[in-house]
Amino acid sequence: MIRSRIAPLVLCAVALLTTGCPPADGGKTDDGDYSIIVGGDGVFSPDYVKLAEGAAEGSYIITPYINDTSSPGIKAFSEAFIAEYKQEPDAWAALTYDAVGTIAVAIEKAGKPDRKGIRDALAAMNSKETGYPGVTGVTFFDKNGDCAKPALIAEVKGGKLTKSATQIDTSSAGEAKAGGDKAAKKAEGEPIVIGVAGPFTGGGQKYGEMIKAGAKLKLAELNAAGGVLGRPLKIVWGDDESTNSKAVNVANDFAARPELCAVVGHFNSTCSLAAKAIYKAAEIPALTPGSTNVKVCEGSDWYFRNLYRDDFQGFICSDFITKSLKKKTCVVFFDDDDYGTGLKTFFEQRAKETGLEVLESISYDKKSVTEFTSLVTKAKSKAPEVIFIAGNYKEAALIAKACKKAGLTK
Amino acid sequence: MLFLEYTLNGLNTGILYGLIAIGYTMVYGIIQLINFAHGEICMLGAMVTATFLGWAFGVDAIAIPAAGFVVFMTLAALMDGGFGILLDKIAYKPLRGSSRLSALITAIGMSLLLQNLAVMIWGAGANTIKVPEGYTSTAILQIGGRLGIRITFFHISIWLFTIASMSGLYFLVQKTRFGMAMRATAQNPTAASLMGVRLDKVVATTFFVGSFLGAIGGVAVAINKGSFDYQIGLYIGLVAFAAAVLGGIGSIPGAMLGGIIIGVVEAWAAGYLSEIPHPLVEGGISTGYKEAVGFTVLILIILLRPQGLLGSRGGDRA
Amino acid sequence: MTLPRKETRFLLIALVALLLLPFATMLLGDRAWLLSLSVGSYCLLYMINAQALNVQVGMTGLLNLGPIAFVGLGAYTGALMLTAGDNALIGFYAGFVPELSGHLRWVLFFLDPNFLAYLTVIPVAIVLSMLLSLLLGLPTLKLSGDYFAIVTLGFAQIFYLVVKNEAWLTKGSAGVTDVPALFSFCTGPNRIEFFSHTAHYFFGVAVLAVCLYVVVRLRDSYLGRGLLAVRDNELAAQSNGVNVAKYRMLSFMVFSALAALGGVAMLARAKFVSPNDLNFMESILFLCCVVLGGMGSVRGVLLGGIALGALGEVMRIGLPVVSETIGYEIPAQVRYVLFGMILILVMRYRPNGILPVAAEEHAGGLEKLGAHRDAEPTFFKLGTKG
């Protein structure tokens, strides 16, 4: 019964789809130049290139880390990472890798796994000389706990994320260094425990996986090289599911572990903001490898980050467009979460100062957006020279794809 | 011109909402259940299609033959239809006769379960469905220059499929004995079963058809969006459910109409919201409201016509 | 009508147990104490909001798929008022309340400027939330059940997007940060001070007690009997002179008031609120608490709140321990897979919830109205098409 009724439907579908597709078109007429895509660091991921299926070619991305294997430090990290996880590390894996390393050094400096001591050791890393040289450059903190790290420009070339020939930030990144000396000592005794918090389930899960991978790799390296203070390091995972209430729960859980001496996390800025007060009250030093919101480290001596803030990034993105690309008009696509709006606000602020005309700011909600065609049509009607994306790589890939389909980019 | 383009964009998305909404409306029409797991069924359809295509043509295949695409998508949709029946048998059937809310919570449980199983099987990353070369990019019809309106083979095929499936459904429901049984069940299940209608069979068919169309809808949504992940079903499901209610829940043409209205209104919102000046702050109204506009229209229409556009008034619920 | 004794005893015992919990776990050491406070205060949010929803969904039979909008409104009203003008409200109270020190601060906690500010915020949040429910309810409550449900669902989605996009009012996506603590002496980095860790917990218990009192009193009043009548058989209730629209409105408003209270409790716990807190899943979880606990049953919903609130947390803390013991890392998704399965299984084997309404609990109400009481609405029965 069922089959006989469904069959015509199926036949219809088959008939209509098997008629074959016409060959690729040739007749494109030129309406001025093609636009160029520029993305914020949320876009930096090998998956951006993969998902955009060719539409990402030629886009520029501002990022704290590039998997540039010409540098020996990064090469070692990148090879170890690929050997372990069969994929290239992204910026978050690298930053977490460094964050765990930074905490390990701070523990060594403090001389014992003591929360207050580690905080002081982190706060003492206040210059390039005293900072932690990792694969993402030297991590060192200002009074606030913020980190001044240079922003690099990556370019998608030949389906790969490469370091662009045009770099805007001239202050040197500090030579990336290979992780600890590999003297095979044995770590003994009671493990030293640190917490790593991130979105291991829920919407930001892909980031969580990278964070976990980066942290695990560093953990394995540290423990193979004799651990910290001669004792093995141990990580407790805290899944904040990208939601505030769960971030509070995770922070409370961490605070309730007397043996836990430091936290690497959280990833999302809102989660960091939600957990901040608890770490402060419990006096646990926390180092976030992902939260760029301006307020994250404000007003707490216990919160640190090892990447730049939204305001710095927004300025760099805008300056890159005006100074390096020498373009005058742009359309901004931004994710209306804390990251996207933060970045967009500072980008627009800088654009106003430097005479870059923002023709339109188009926001989207990454949870509920079903397609980008109409939003890209909107962008298309403004014919911008540059399309700036302040969002995550997943949506950025969709925007790039839709732009290509609309004839906006090459 | 631009208006035409927005409208076309909206229509293209809207019919996909409509295809998915049909699954909601049919199930609701027969057993009065808001099948919250329907979005996940659509997601599974897309996932399975992507997997089949990956197996058959290699994960990195750039172009795949059109026939292969159709065959594997149909196969996946059929499987998904079977899965819909299974869902009903495992989760909902034991609850016939108990409170409707228990069934609703079961549906929510199923939705959570399926989403997270999907993560465990396919991972949390985004996935793409490989399509035949030129399927979504080659313009069959191009109005205006490079930046003009493009109608691609993808658009034509989803339109044809929608027309075909709507006619098929009309035929099934209105012209066959089985359709009569379905309509009878929707009106009064007890009386229908007394008249010899086998309820289980009617319910199973409903789930099969809804899930089959949902799977195709899921694949089309994934292609239209560009990529998809395990969460795609959640929001698409909500919108499609809203579309079903807007059109009058229980009415199949209503579901399609509702989908189209929401799709078009959302597209207009994307295009014109930012042109309206914000009453309190500088600048236009945020395009972030695109997703709210569909629901606003839904609420307004329900207020004016409580039974939805094409729905019939309930009997005993005065 | 007097309270059924068994239920009163149960609720009192539950409240006393919740009050004693931090003292009991204190004996088990720091970790147990802090964890029990964290998980406990988290569960309290579910208990409060589920109890609020119980009035509307459980007692009146109106499906609401967007309760989080009202909880969020409470939290946002509180956060914005408390932080407005550099904590002006607290400054205002600090101006004429004597400054206390030492243990006296605990004893005279109600004189604390922060606490007074919170107390000021609560009625405003409640009134705003009730106004909102009135605005939304007036045109929509005449809709039949499922249409009303989709309106609330849509409304919650719209509310979420408004909060996200109207940054001039709500501070946008990054949320309202640095909300002052419940007590001025809770802010310091003092791990040892008992009260700074427990204040929001006890506040939660107090809010729950208020909720329970309101819900039980409402249910046992003639108004409550009207609500139950509307739920059990709308037509019969109407033909017996019950004003269905009025009772629906009443339940919606009581719900919104209690939900706003829950929102303030949520704020007191997190001292932070952002649109991220308003997601659809929270609404669904509140609903799950109600249905899983037993619709309309005050005790059941209380248990449902504890169960669902604790389930996620216990699994979050427990699964890594299990992983470690068996030496295989269980993927984090397993938590949600199990969560889904538990929902399905409970509904399969206890379709009326863990602790369904006992027949005697509200018997009388309907008989007095002379209405014939239907069995629970069934899968097939409701909303048959004419």
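Think of it as A, B and C in the order they're written, each chain with its own count starting at 1.
One rule holds in what follows: a residue touches a chain if its C-beta (ideal position, glycine included) is under 8 Å from a C-beta of that chain, and two chains touch if they have at least 3 such contacts.
None of these values were measured; they are calculated from a predicted model.
Taking touching chains as linked, do they make an open path (line), a single closed cycle (ring), a hub with spokes (star), an all-linked set (complete), or other?
Here the contact pattern is complete, since every chain touches every other one.
B-C versus A-C: which has more C-beta pairs touching?
Looking at A-C and B-C side by side, B-C shows more C-beta contacts.
Please tell me the distance, in whole Å, between the geometric centres of subunit B and subunit C computed from their C-alpha atoms.
33
From the mean C-alpha coordinate of subunit A to that of subunit C, what's the distance rounded to whole Å?
Distance between chain centres, rounded to whole Å: 36 Å.
Residues of subunit B that touch two or more other chains: which are they?
116, 119, 234, 238, 286, 288, 291
Would you mind listing the residues of subunit C that make contact with two or more other chains?
Answer for subunit C, listing residues that touch two or more other chains: 157, 161, 164-165, 333, 336.
Give me the residues of subunit A that touch two or more other chains.
Counting only residues that touch two or more other chains, subunit A contributes 201, 336, 363, 365, 367-368.
Tell me, which parts of subunit B touch subunit C in their complex?
28-29, 31-34, 91, 94-106, 108-117, 119-120, 186-190, 234, 238, 241-242, 245, 249-250, 280-281, 286, 288-289, 291-292, 295-296, 298-299, 302-303, 306-308, 312-318
So in the complex, which bits of subunit B are touching subunit A?
2, 5-6, 9-10, 12-13, 17, 66-67, 69-71, 73-74, 78, 81, 116, 119, 124-126, 128, 132-140, 142, 145-148, 150, 152-153, 157, 160-161, 164-165, 168, 172, 176, 178, 201, 204-205, 208-209, 212, 216, 221, 224-227, 229, 231, 234-236, 238-239, 266-267, 270-271, 274, 286-288, 290-291
What does subunit C use to touch subunit B in their complex?
Residue list for subunit C touching subunit B: 57, 63, 139-140, 142-147, 149-151, 153-155, 157-158, 161-162, 164-165, 168, 234-235, 238, 280, 284, 287-288, 291-292, 295, 331, 333-334, 336-337, 339-344, 347-348, 351-352, 376-380, 382-386.
Looking at the complex, which residues from subunit A come into contact with subunit C?
Residue positions touching the partner: 200-201, 236-237, 239, 242-246, 248-250, 252-253, 255-258, 268-270, 273-274, 277, 280-283, 293, 295, 299, 336-338, 340-342, 363, 365, 367-368.
Over in the complex, which subunit A residues touch subunit B? Could you list them?
Contacts found on subunit A: 1-2, 5-6, 8-10, 12-14, 16-25, 27-31, 47, 51, 53, 201, 203, 205-206, 209, 336, 360-365, 367-375, 377-378, 380-381, 383, 394, 397-398, 401-402, 404-408.
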